[in-house]
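Structure first, then comments.
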């Protein structure tokens, strides 16, 4: 399901693409409306390409002027298929974090993922696969003034992997100064059904202990299977012209960045229900409702979110 | 007169393009030189495309890092040709405002248009056409911190519309919290001649009453007719290899943003004369002289402006 | 050695391309580590194109949101091959400054070049060539608030210019308010060897007298010749699939911006040694070591720099 439009001459091929995500969201804290807004969530363009047989690159940036996302040079000349990636890129940590924002089934990632998520990071990463296993090891700097350095590593294994079923297991560890965490991943998809869970335990950059988990399940009424490749899930691609419909639910508990439901960075419990309509492989509409409660203060929060998404 | 370069594969077509506008401007306030400068006026790139039969999108951004312009997803799957556009887009208000900066005959829009112009706004808009009529209704948020919501609507009618003549009438109303206005539009083009006028009355976002109007006329020596489509004018496209020449004049009176001639937001009277050279359908050179006087303080201001424009 | 990918329809051709440069650099001031960092050095995309026979344009911007680089409209309709360029562009001053950052043999330009370098500037420039001579004259504004205007001019002559040898001589002068300088350039390349030197004397924008020079030499083990065209050098293009290797050395003395080796803007002496590997015409890896001493304070500084570069 390659995205973007590919053009080619004798020396070089380039692929152009991007994403637009607009959201309406209405959130309440203790039953008081706090946000009621229509806003750009993400607007990005990318160019990627292959250079000779051994090198490739990707440049992706936010069109609102807020900076670069992926921006890297990659060596893929090893016979055994490994790659070395140099520049701004995803750190190998977390199934939900590594699944593209175009492809996640719940519109926003879980609070524990958002707490430890660093977005893209500058560094050098080694990636490979062996049968149904993937492995990644990278050296990274954080984005602080002091540019502290560290590493992140991830290993995944899919003991079941057929056309219509996958069982995914993963473990990752990162240690970049005060930002340290261990992550455990498990997911199972069969036919139109999937379930996915992660547990993360660590200390954040501001040096606080934190741990939490989420469990997510989804069902595609129109019968498609959620695609899986290289230790990550991809977006549902409708098999008929009338599109695909998917229902999702998520339960989460523990420390996390619960700011979507106006609870901030705290220890909370929340559930989300949602519905996605994949009009075709490029257009997706989604609606989510999340409701949660702070485990200490008993503050409550909720959010209704609509998403209009086009990827090209 | 489609702009940009179109490339296509089996699933997707993308169109790439942009504009560069550089201006030299020299302005005086009470006969004292205030600005004497050569500067970028606009530098933008866009990507737009069609996705299946029913969906399209546009991403346009300023290459100087100052942010996105158009950034929207559009549904155009209605049999009767209407569209729904979701995201950052033009608000349906004002003939001069809705005519692209690439296509306006006077280099800068009138003071009353600039007072009420909001640039692009985030929202959802419904557009349609019926014979020689166009209609648009949109819900928008303003760009303030409080994200106030409101609507804008526009209706246009062209009782005359032939190959070489058009009579355009339009009315628009917007109400987004304190930003409220009624706009009336009239224009007539026949052969190489056109005349165009707008009157706007409302209250601005800072809650001030304001009203004003402009009348503009133009004549194309080389005989082309100013193109008109979908309730808007387009740029003159030269019919011969030696290009097209157009003379324009504008008179304006009333409240407005008269900052180009250093009078600021006030009640003033101003006239502009100008000359455009359309070297081909992509390159346009223009020169304008504007002279005005504050209706209350009798302060005077003027501006000489040269423009170098390429659109691709 | 055209870069970028060219696509074309009947009216228009566009060329897309860009560069990514990531650097690791470790610098010391008086033997204390001051920087030890992996960072984006440059990430740019460009679109350029031809419009009819007489006009062209270029738009180049930084994908991190830090703004536009080249952004100009060019008239190239003179029979004798001269061009007029309007917009943001290179000022005609300095051999090293005018050689693209993709193409310089030492990873960073010399301290005297960096002191007087203005990057891109807004203005109008006239360029031409006559046999082995090139000439350029431009009017520019500086980037200060007061937008002071001035001019820059450059003349180059290549008394020797064969397939494998070039002798280059150049002189340039610029005078934009307090930013005034005279620059002298000389370079000789024959087979795999090149030597290049510049002397600059002037006053900086902050109105300080400054003068300095550098001498640089390089040798390409794999036998290629450093390309030269239009009064500038280009990047080494490997003649075999296994790439090209180049050793470089530079000695510099005098006033300059010596901040790479943590000495700041001062009078210093420094030498650099380096090695480049051109994997193919798009990928270049480089390593440099620079060591210097302040001529007055005897402070010392050094830097180790690695570069990963892809151009497309």
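Here the chain labels run A, B and C in written order, and each chain numbers its own residues starting at 1.
We adopt the following convention: a contact is a pair of C-beta atoms (placed from the backbone, for glycine too) under 8 Å apart; a residue touches a chain by one contact, two chains touch by 3 or more.
These numbers were taken from a predicted model, which means no experiment stands behind them.
If touching chains are joined by edges, the resulting network of the protein chains shown connects every chain directly with every other.
Here the C-alpha atoms of chain A line up with those of chain C after a rotation of 120°, rounded in steps of 5. With each centre defined as the average position of its C-alpha atoms, the distance from chain B to chain C rounds to 40 Å. Within chain C, the positions touching two or more other chains are listed as 7, 16, 65. Residue ranges of chain C in contact with chain A, taken from their complex: 5-7, 16, 18, 20, 22, 36-40, 43, 45, 63-65, 279-283, 308-310, 312. Residues of chain C that touch chain B in their complex: 7-9, 11-14, 16, 47, 49, 51-52, 54-55, 57, 59-62, 65-68, 71-73, 86-88, 122-124, 141, 147, 149.
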